[in-house]
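In the part that follows, the structures are each spelled out as structure tokens.
One chain, chain A, links the two complexes that follow: it is found with chain B in the first and with chain C in the second.
Up next, the complex of A and B:
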């Protein structure tokens, strides 16, 4: 367990040094401040659009961070040659995969919660608020979604270079976000082969819509049923475990040679 | 393992702070700039080109979603009973509900964005005015929106019709008559004259104008306009009865004023007649 936290800590330090998080945070803050500068007929206390756009920003920026951070962790160690001293220490390949995932996931979650805090702060400035119980639920579900994305990124990076892994992760997660929730409606008109393909997509790709509580947050629907939240969290944990298992399978016998690196 | 957190982030913070300041100033200054002319593209036009129409339509749709508390229009699904769909039903509720009272103010920014993206989206202006007037009880703001809509779309009869309706509601009948005459002269404008909505609008203009003639005791002109309106929608029996009463020289049972005030009166409830039908359909499915 100590090895996992040490590996995770390296990821955090690297992320803090690279300053990507600050840049994304500043982008979101600029967007939110521009939004609250708008005077909508002097109506005041109109905060729905600020919440909506702020949370959309948190989702999009969290997604970008999760993919970009996770896909470069293992290839970076291999390129720098630091994978050799790492594996020479009593650190197994499974621990390396898990540690890199843990570091990527936790740092991205931290950044995403900062995005939530920024959105909440700007909403408060405008005279609105969020229901705290729903924020907790939404943040938990969002963290589960980021865990899945980070695990997918790590799994892809075991067999691809960072650019290819990032592109594939964006396509898979983008399709999951946008296409999978629409499949039941598309199946009303799609029959035959296209219908069968849609069903395969529906059952194979992750259902990220189950981690998205923005409707409850923005439109004050109140907290969701505890059973649904636990179910979605379990589903997220299961997906993460599957992707991490695939990552380990892809990495455990991978051969590195100093010649390739140089 | 020896990595340290670099504190050399101040230039980034400087850039960010400058950016935030610039963005805020742009938003403040934009409100103070002279309004764009109808033929000007504006910032949205320059940035987006023709795609601004699609963006505006999308933002207009977003306003409707906000009226329905974030729930999009009902869509038939091939299945709704698997674990994913049941869990999704709890995470993202899809019950048919409406924003009420001050909640309706949340609709307005999206309509404002829609009109900024495409200043010729007259429907967005009209819906903004409707919600400001009926939902938020701010007829002053609604009037301002309609004047802006007219300035940007001077040849669109729908704005004049809406302004005429507002004047009738406020009891200013002479300006209302002038606006309705102007609306009739511009009908159908760029719209298809055979379109049901433009037909409805024409019948509405004719009926309002006929009642305004009746106020003045000019029954012959009122009868002619009622007949024109009836020609468009022959099933409107109250018009038939009105024409018969006026032609017979009888004092109509209901005064023109009370009928007209009932006709122009609107409430937020009429905004979603289709919604309940959708709800019924989804339940029966």
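Up next, the complex of A and C:
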């Protein structure tokens, strides 16, 4: 575990010191200002809009950050040549993959939770409520979703260059967010080959809708059943493990191209 | 001083071949290379550019799978973590994490070797002092000169006090002072009874520091032995090396 946390810490320090993550905090500040000044149709006390926009911001920016951070971790080690001294130490390629995922996932979760905290703060400031138990559930599920996205990004980056991996990760995760929840309704009217294809898509793509608790927060519903939350978290952990396994398979015999091989 | 495993060489390479697939036909980077490095010696690994030195080192470090043959480090297969616990590696280019400070780099490297607490802090301070970077320890490596980066990478390769130190053309691009640092490092390791495997094409450096050498030309082992025995009394290592490389090139053209 020490190696994993050390590798993760390198990811955190790089993100923080290269100041890329500050772009996100500038966006957060802009969002906060917008939320504070929001007064839809003069209904200043309707905090549902505030929560809706704040949480949408958390999902979109967490998604972008998870993809962009994860896809470049392993290729970057190779490009700048640091993979050689790293793997000459008692660090296995599996540990490198896991450490990079852990670093990406935790820093993205940290940034995303800043959005949650900001949205919560503004909601309270405007007289709204934000049930702590539901927030915890929503944050846990959101973290699980980000873990899946980061693992997918790492897996793709073992086979593609970072740009191609990012584009593929955006397409797969975007399609999962937008298409998968609509498939059951489409299946009612689709028959034959198109129905079969839809079913394949439905079963193959990750079900990110299972991790999305925004409506529960926005409409002040009570916490979800513990069993359902545990099931969704288990599903997220399994998907993450599958993507990390694929990443390791892609990386364990990879030939590194930087430096004078011949 | 190190207590060496009685009969185990520090490095043992037997029948090593590496072939890279290529569009214009396969490239044979190493061809049936065999040699051993005895513990406690400074071993020079020579060859012109493109001879296959870095390929051999990449196999030794487990970055590349050989097409044929075997390689062991300190009696262990190269894939074993336990071998890398006792290994130090300094690459040709001082590639490192520029966003870290020198102290952070050494501390994190130490953690990868499961060092921690006061012992690690003490070791990091000592290494920073040894490579003359105590004053710059808390500055980011991005602000270091090339020589300073080479020195921090050198310190990084010594964090675990390795029994075997592999240096891959470490003097490339260094000024005379930097070269002197590398020579001092090698002398210190030798004095401590450790093994140094020194890859280079800078023959004057090798002649100064190495007990034994192996010369690689076009992926083949062209010569191996004690420096003094190979060169004889009337020849320099440079002359010997040029003759060998030329003969090998002629042989290839004739064949």
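Brief remarks follow.
Please note the rule applied: the second predicted complex is superposed on the first by the 248 of 262 C-alpha atoms of A that agree within 3 Å, B and C clash if a C-alpha of one lies under 4 Å from a C-alpha of the other, contacts with A are read in each partner's own complex, and residues count from 1 in each chain.
What we mean here is this: contacts are C-beta pairs under 8 Å (C-beta built on N, C-alpha and C of every residue); 3 or more make two chains touch, one makes a residue touch a chain.
Note that this is a predicted model, so its numbers are computed, not measured.
In the superposition on chain A, A:212 contacts chain B only, with no contact to chain C. When the two structures are aligned on the shared chain, A:256 is found in touch with chain C, with no touch to chain B.
In the superposed model, A:117 makes contact with neither chain B nor chain C.
Legend: residue contacts after superposition of the two complexes on their common chain; A:234 is shown touching neither chain B nor chain C.
Legend: residue contacts after superposition of the two complexes on their common chain; A:92 is shown touching chain C, with no touch to chain B. When the shared chain is aligned, chain C comes close enough to touch A:3, but chain B does not.
Legend: residue contacts after superposition of the two complexes on their common chain; A:84 is shown touching chain C, with no touch to chain B. Between chain B and chain C, B touches the greater number of residues of chain A. In the superposition on chain A, contact is made by A:22 with chain B only, not with chain C. Chain A uses residues 6, 10, 13-14, 17 to touch chain B in one structure and chain C in the other. Chain C contributes residues 20, 27, 29, 49-50, 52, 54-55, 58, 61-65, 81-82, 84-85, 87, 89-93, 95-97, 99-100, 104, 108-109, 111-114, 116, 140, 153, 156-157, 160, 166 to its touches with chain A in the complex.
Those residues of chain A lying in contact with chain B across their complex are 6, 10, 13-14, 16-17, 19, 22-23, 26, 29-31, 33-34, 37-41, 43, 45-49, 141, 181, 184-185, 187-188, 207, 209-213, 215-216, 218-219, 221, 224-225, 227-229, 231-232, 235. Across the complex, chain A is touched by residues 1, 3-6, 9, 12-13, 15-16, 19-20, 23-24, 26-28, 31, 66, 69-71, 75-80, 83-85, 87-88, 90-93, 102, 105-106, 108-110, 112-113, 132, 136, 138, 141, 144-145 of chain B.
Residue ranges on chain A touching chain C, taken from their complex, read 2-3, 6, 9-10, 13-14, 17-18, 80-82, 84-85, 87-92, 253, 255-256, 259-262.
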